[in-house]
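After this come two complexes, each holding chain A, first together with chain B and then together with chain C.
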Partner chain A sequence: MVAKRVPEAGDVLQGTLDMLILRTLVMGPAHGHTIAHAIESTSENALEIEQGSLYPALHRLEDRGLVSSEWGVSENNRKAKFYQLTGKGRKELNAATGRWRRMTRAISLILGESFD
Partner chain B sequence: MWSDRLSRMRFLFGGRSRAEVDEELEFHIDRQIDANVAAGMTEVEARRQAAIEFGGRERVREQCREQRPSWSLELLLRDLRFALRGLLRNPGLASAAVLTLAVAICANSTIFSLLSQALLRALPVDDPSRLVVLNFAGSHPGHRHSEGGSSEGHTYEFSYPMYRDLREKNLVLSGLVASAPVTAGVTWNNRSEAVSVEMVSGDYFQTLGVRPAVGRLFAASDETAPGANPVAVLNFDYWRTHLAEAPVVGKNLLINGTPFAIAGVAAPGFQSVVWGRMPQVYVPITMQRTVEPEWDYLNDRKSYWITIAGRLRPEVTLAQAAASLNTLFLSVRAAEFTALADQSAKTRQEFIDHAHLNVEAGARGFSPLRDDVQAPLIIIMGMVLMVVAIAIVNVASLLLVRAANRVREFSVRYALGATSGQIVRQLLCEGLLLGVLGAGLGLALAPATLSLLIGWMAQDSPNPQAFTAMLDWRVFAFTAVAVIVGSLVFSLAPAVQFWNPRLAEALKQQAGTAMGGSLRFRKTCVALQIGFSLLLIVGAGMFVCTIRNLRSVNPGFETEHLLSFELAPAMAGYPAAGVAPVEQHVLERLGALPGIRSVGATNDEDLSGNNRAGDVDVSGYKPKRDEEFDVELPWVSTGYLETLGIPLIAGRTFNASDTATSQKVSVVNESFAKHYFASPQAALGRHVGRSGNANRAALDTVIVGVVRDVKHTTVHDPANPTCYMLYLQMGKPIGLAYYVRTWQAPQSAENSIRAAVANIDSKLIVSDVKTMTQAIDDSITSQRTMALLAAIFGGIAALLAGIGLYGILAYSTAQRTREIGIRMALGAHRATVVGLILRETLILTGWAVAVTLPVALFAARAVRSELFGVSFVHPSVYVIGIVTIGLVAALAGFVPARRAASVDPARALRTE
Partner chain C sequence: MNLRRFRDRGRKDEDLAEEIASHLAHEEDDNAARGLTPEEARRQARVSFGNPRVVRERVWRYRSLPWIEDAWRDLRFALRGLRKTPGFTIIAILVIAVGIGVNTAVFSVINTVLLKPLTYPDPQALVELRNTSAQGSFPGANIPKFNIWHQQTGIFQQVAAYDSGGAGMNITGGDHPEQVQGMHVSADYFAMFGAPVVTGRTFSAEEDSPHGGRVTVLSYGLWKSRFGANPNVVGSTIQLDGEPYLIVGVIGRNFVTDVPVDLWVPFQFDLNSQDMAHYFTVAARLRPDVTLPQVNAQLRLAADQYRRAYGQNSLPPGGGFGVVSLQESTIGDTRFPLLVLLGAVGFVLLIACANVANLLLARASARKREFATRAALGAGRGQIIRQLLIESLTLSLSGGVLGLIVGFLGVRVLLSVNPGNIPRIGEDGSAVSLDLNVLLFTLGVSILTGILFGLVPAISASRPNLIATLNENGSRAGLGFRSGKFRSALVVGEIGSALVLVIGAALLIRTFMKLQAVDLGFATHNVISMAMSVSGDRFQKTAPVTQVIHDGTERVLAVPGVLGVGVTNCLPMAGGFGMVFDVVGRAKGNSPFTGGAGFYSISWRYFDALKIPLLRGREFTEQDDAAAPEVVIINEAMARRFWPKGDPLKDRIQIGPGAGPAFAEGPRQVMGIVGDTHDGGPNRDPIPIMYIPLPQMPDLETALNSGVAPLWWIVRSQVDPRTLVTPITAALRDASGGLPVAHIRTMDEIEARNTARQRFNMLLLTVFGSAGLLMAAIGIYGVMSYSVQQRTQELGVRMALGAQASNLRNMVIRQGMVFTLIGVGVGVGGAFWLTRFLAGFLFGVKTWDPIAFVATPLLLSVVALCAIWIPAKKATRVDPMAALRLE
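And then the complex of A and B:
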């Protein structure tokens, strides 16, 4: 019954965002703010994500059982929601990383080293 | 899968609530503000930057909610809430649609429940699919006792010796059962009454797989020799209602005065292997002579009186069984032929060469009633389907009108960002809601309607339980689903308009010129409704005429002030010699009662669907070669012809000088005299006789009078040649139907009659007391039912068509407000405007009528066998139908037309 949403611009990279979030959580449980900053800083600020779009992605991942969440206390002593990678999430991350590597390799093979 | 379900559960118990999402997002932003302040921004700047970096907060919240597992459920609830609000905004239209659907569902499931009981239900026995029913083609010289249901080439009655041969010599059946119905006098606790008894073979219950509720049922040892097995099994319902579930096993029950030991009670729900029989007591078939003393059938190969059904052996197919049984049947027939008196080639051909045993699948059992009810029920089903069709067209047009009225609402919502998917979803929800409400209301009404209908049909019926007020749930579910799917589909019809790619332009023009396609659709709807209604109204007219004709038929004698009842002394245990004297006594006693003009009796009730026919030898008449001519042969008492008031045209009627020992006399009717002699006068003094056989002595009577023809079997059958004989002179103890002509209302005589009979002997059972007009009504029950239902359906159809027409016309007239405004501004009168709209309506009606008339003629022709005294082209029926539907259309058009004409032109022009 639910009508299919028209894909928005950001959706193209949705799968990639999921992968990035999972990758960030390998380091240990974190709340949304930490994850956003980790992605930005690890990519040397090349990937600047709209911070708000992180949350629908996190909730989606939680529904799929790839991450679990828990309320905890943040570094500045406030109540915050911490996300943690599940076993299923770890497997999905491996699979997604593999897919990504194969794809980028294929693309770079086509593009070649450089051309004049 | 599991985690998915778990998260759904979590939602139910709170889980990720809206507040939680808010808190999480708030934390993020606060954290970012802190970070920005730490990076050296001012408080205000930090807040601004944080908001920018976060993006649209409301959208994120929305997206988070959409990730929730319960999201689709929430959407559905929201849509339903919307739909309900939408329906309530226009309660008149919504309730019209719901009522329409409810009427359709109720009518459909009621009628189909009846139909499935009559035509489709299997017997409540073990593995009914292995049952077979036997009937045969070929002549059956001798005596045949039929409940009906037989037809040319399909005689369902067999002789008992033939049954024994088939049962004992066949190799394909694991059991073959015989049964025959009879009415007998049953006495329990000194209370006597006439009850239905079924004579059954010893293996009857065992073969059918019926178990005892109490005690034991019959076994092969209960079918040994004629008169040797006085045991009885009770029907469960009879045991419960008449014997109060008393411990009965081993106790005695008197049947026709003979004690029968009760062996047990059959399992609840079981009635008979023959559909429609409602026996209350079962006795072994070998007791035939006791329960039915008038006849001696058991050893007679020329008495056809039992119906038989068998159970196929495992591994045997119907075709194999049919072939094998037919061979056996033919060999028995060949042996039977040698014992016939008539050995002519023609008899041989009819008896052997034309003979064939038919084996039919018998899961539903043989039913003498089924043929009678089949045609009427199928006609009624056709009417119901038409009502359902009207209902669906009606709902479709109502929904369409509704949607068209909401173009503006939808365009606003579309402009505000609703997707077409959301609009479609909402339309579907409204359709669903209508369908479910209609189905619910239909469900609430159906059981009451069904029992009302059955109660009405069973009024005074000889076996009131033939139909049970049980709603067939499969039928109901089917109808409900059909209607719900129908309303869903039609709720989508308007959505087609919104998928128009040039929607924006269409909306700009809005209510202006109606779109061509939907206009044609609406016109089709109107025409269909008018057409179906006309069909139903014409049908109703035909059946109402039929019933009126049947009621007013003159049977040839006065039917008012005539009361009948039955009394068989044998049921009270009278021995053969005592029957005639007590009957004579009853006749004398009743004739002397105050308020009674005269009394007579017959063994062949009038206008009850029964007849007793046979062939006779007439002196001075040379039968044509191979002539077979059966005449009606009622045995009557002195005073019978006078009581009924059958006019005498020659000679004399029976009188006191005709006694058991005097010269045997007969009175014939006009048709009889015409067939055998030139004139009524010529008949007087001639002899009418019958040759003797196992069941009767040879007979010779002198014709002493000729009377006018009167209707005998039913009011719609023409009179047969009839030869009345005096029962006293027949020397056979029989039960009689008594006719009492009264001065006052006939019902008032019942008590004095009962008292007078009880005064003679309290054991005598007076049963089936009814007036002649009641008897006539009973004999035309199926026509009455049909007339009533047709009238109801015709009325419903006209009403539904009226509602549908009104809805459509109200809409299309409203669409033309501006046009009407212009016309009136240019000087048109109100009457002109009303006339304009009415004319268009009536032209459309005219087209619909013109198209429907040939269909109506064709349909009426198809049902003409159910009509009486009215031709299928009867003009007045059609004229009344057309006028009715024209009036309905005019009325439905007039109201909106008047409303349109009363609009102020200035305002009408400003509507855009």
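And then the complex of A and C:
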């Protein structure tokens, strides 16, 4: 018998979060803490995510083969796990970005705002 | 789905924990750099991260299949619960095992007989050729029909003729002459059935033509037993009926024939033959692209052609040719009896389910507090139902595994009782085996059973009244009115189903008793029969056969203890020949003949050997030989049917008019009338029979007869004839120049074999009925005991207020008997409707036989009363003080 899964906060934005993570990693390998802050700052703190919710997303991406990971030493001289975009991840990012652009454009048209 | 994510969950979780620690450390570093105190830095890092445990759980859950894990947890929980109540668990599993076991046993027979395809390559293309008429379709062919069918190459790839090896053949030339089962086949037989050839080859077309020489193909079994599987046997000869036969090949072990065959010899038909006698079967392999309408259209043309060649009367009016799939033909009329059997075991399973459902309901009511507690702690209804269903599925699957064993053993027991000619099950049912079909069936039935008996108890348990239950200080309160009613309904259903089975069993028992009471019209006690094959060249004329009969009769009569000896070409109750006849000088009307009757050729002492009484005229004597005037004796049924007025002894009859040259003979004077015999078995009315003296058979008929039927010797003795087999067979060997005998059976055995199917059906239904009755008794006992236990307090109050023990007992008995009587009503109604399916199995008993419909409900009520008595007795022993103190 399949139990009904309780929808988790952030599920809706999951695809978006995945895209943001991939986008961040275009700049080069980074560990979780860096990624969290990068997303926060580049979005001018408009997207407030609980830092912890980053990790399920990261692990899902890794299982899907979109990112790869490796333990290394951080700028603070601490042990940290570094994530890196794979070829597959790069392709997925392009596709996701395209989807996102089309969708926001469609929404803008509906809302009657000029699209620039 | 990406399976990578399910691997190494433990290691990945540790990794994640370390990663989270690293994240928090970095955040702390940042916060400290902003000038916060270490404590504050740590606190804020944690706040902005959120709960690390939740993060880990989310990742863990994403890497799992939640329902499998939940099911696994429920399963462990169920096993723990079942282990804690071993009594309940064992009884439930046993009841299910019996229910599933009998179903597995019966299904494995059905699977073998009805479902498995024939073992030949591309079996769907194999058909049996039939003669069709308004009455139905019948197998059997003569040479002219075979010839015409053989020419239909547009629809048939191969057409082959074969017989059932009725005559037997003698392997001679060694120290021990041995009678073996030889099958006559036409050349295409092996190719049509795709028979595997171990060594050598099969018959060529030339070898299957007249004067094709003496050749034979050996079966694997004979090759192994007689020749030690020597591959050089091909090209050597084997002595059959005193003649050397060239062995041309050996057929593989896996080749299955309807009757066991030791060797094959070619028919060597003369295709120009006008012989009208039907003595073999024809099958064909359809061309891959033809449709049934095409086949039928083509066979209509063939029937017209046959009529043009052999006369309008050569086929019955409106009759013709047709085909039926070989599988259907092999299954014959066993489909319906097997399905009825499946229906009966279905009832057993239903009763078993009702029984276990009842046990589960009782168990659930004892666990009410447990469920209420779980519900109060947040378990959803779905979760409780799922957990209980997993519990019942655990029970039913365990029962199923045990049932598989019960079924596997059961089917051996089932088939060790002679089932009476069920086709395709092999010798003693050796072909019935466990295969994937049976395993899937048992698995399916187990799951279905588990859901069937588990669902209602689960649903009713998932609907607890939390506050009421938790406030009670025990698990004493009943499961409520609803499930109480449901349990009563279950018990009523159980009793009704059991009654249907028992009434069915009673009808079959009555049938069997009626069959046993039938006077067969001939002696079966201390009478033995044996077959002597006379298939060789030596017996192509009547005189040498007469000589063997004369010498054999004298020598066997000289054996001490022997009272009578007779010889016949048809053994009573073992199938015989029929023939048309004319009454000389009588107008025939529209029909081409006066009629048809059984046609026996017998020695002059035959009637004495079987104690068949002479009613009028005289018996045959040894003087009724080839030189004497031709005579015939008829039985009473024939006299009644064809001489309703008038005296048969004044008439002459012409046997086999137009039946071909083999049966050309003069008219015969009717010399006597003998008593009727039930030759088709006790459940068939006696048929008209005409008997002629064996010495008066035409030579050509003897030649034909010797090829298809043995001489049956029938010996009646003072003592058990089985003790005389050695001297009798020795006497026969001496008298015949070394011919062996086979198929030695007493007439009692043959009679038992004739009623084997009825006996089989009766035994099975009796076993199923008894099982059903027992389970129903357990069921009502369970419900009444439970009810008494639930009402302990009420009974105590009644007693305290002065009720007598007998009042209380009668009250319980009354309640139990109400259930029983409602069940009996349901059962009688159901049986009244269902016994119509048994009509074909009954003999001398109506489907609404009053004895069965009165006696069995009484029996069942008595059994139920015994089962109710125990809890009723218990009700009288309630201690009022103890009962009231429970409050």
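Note that the second predicted complex is superposed on the first by the 109 of 116 C-alpha atoms of A that agree within 3 Å, B and C clash if a C-alpha of one lies under 4 Å from a C-alpha of the other, contacts with A are read in each partner's own complex, and residues count from 1 in each chain.
We take it that a contact is a pair of C-beta atoms (placed from the backbone, for glycine too) under 8 Å apart; a residue touches a chain by one contact, two chains touch by 3 or more.
All values derive from a computational prediction rather than experimental measurement.
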| item | value |
| --- | --- |
| Which of chain B and chain C A:Lys79 touches, first, second, both or neither | both |
| Contacts of A:Gly89 with chain B and chain C, given as first, second, both or neither | neither |
| Chain B versus chain C as contact partner of A:Pro56, first or second or both or neither | both |
| A:His31 touches, of chain B and chain C: first, second, both or neither? | both |
| Residues of chain A that lie at the interface with chain B and also at the interface with chain C | 1-3, 31-33, 36, 50-53, 55-56, 59-60, 63, 74, 76, 78-81 |
| Complex interface listing, chain A residues touching chain B | 1-4, 31-33, 36, 50-53, 55-56, 59-60, 63, 65, 74, 76, 78-81 |
| Contact set on chain A toward chain C in their complex | 1-3, 5, 8, 31-33, 36, 50-53, 55-56, 59-60, 63-64, 74, 76, 78-81 |
| Chain B residues touching chain A - in the complex, by the definition given at the top | 3-4, 7, 16, 20-21, 23-25, 27-28, 30-32, 34, 53-57, 59-60, 63-64, 66-69, 71-72, 75-76, 419, 421-422, 425 |
| Contact set on chain C toward chain A in their complex | 2, 4-5, 12, 15-16, 18-20, 22-23, 25-27, 29, 48-52, 54-55, 58-59, 62-63, 66-67, 70-71, 382-383, 385-386, 389 |
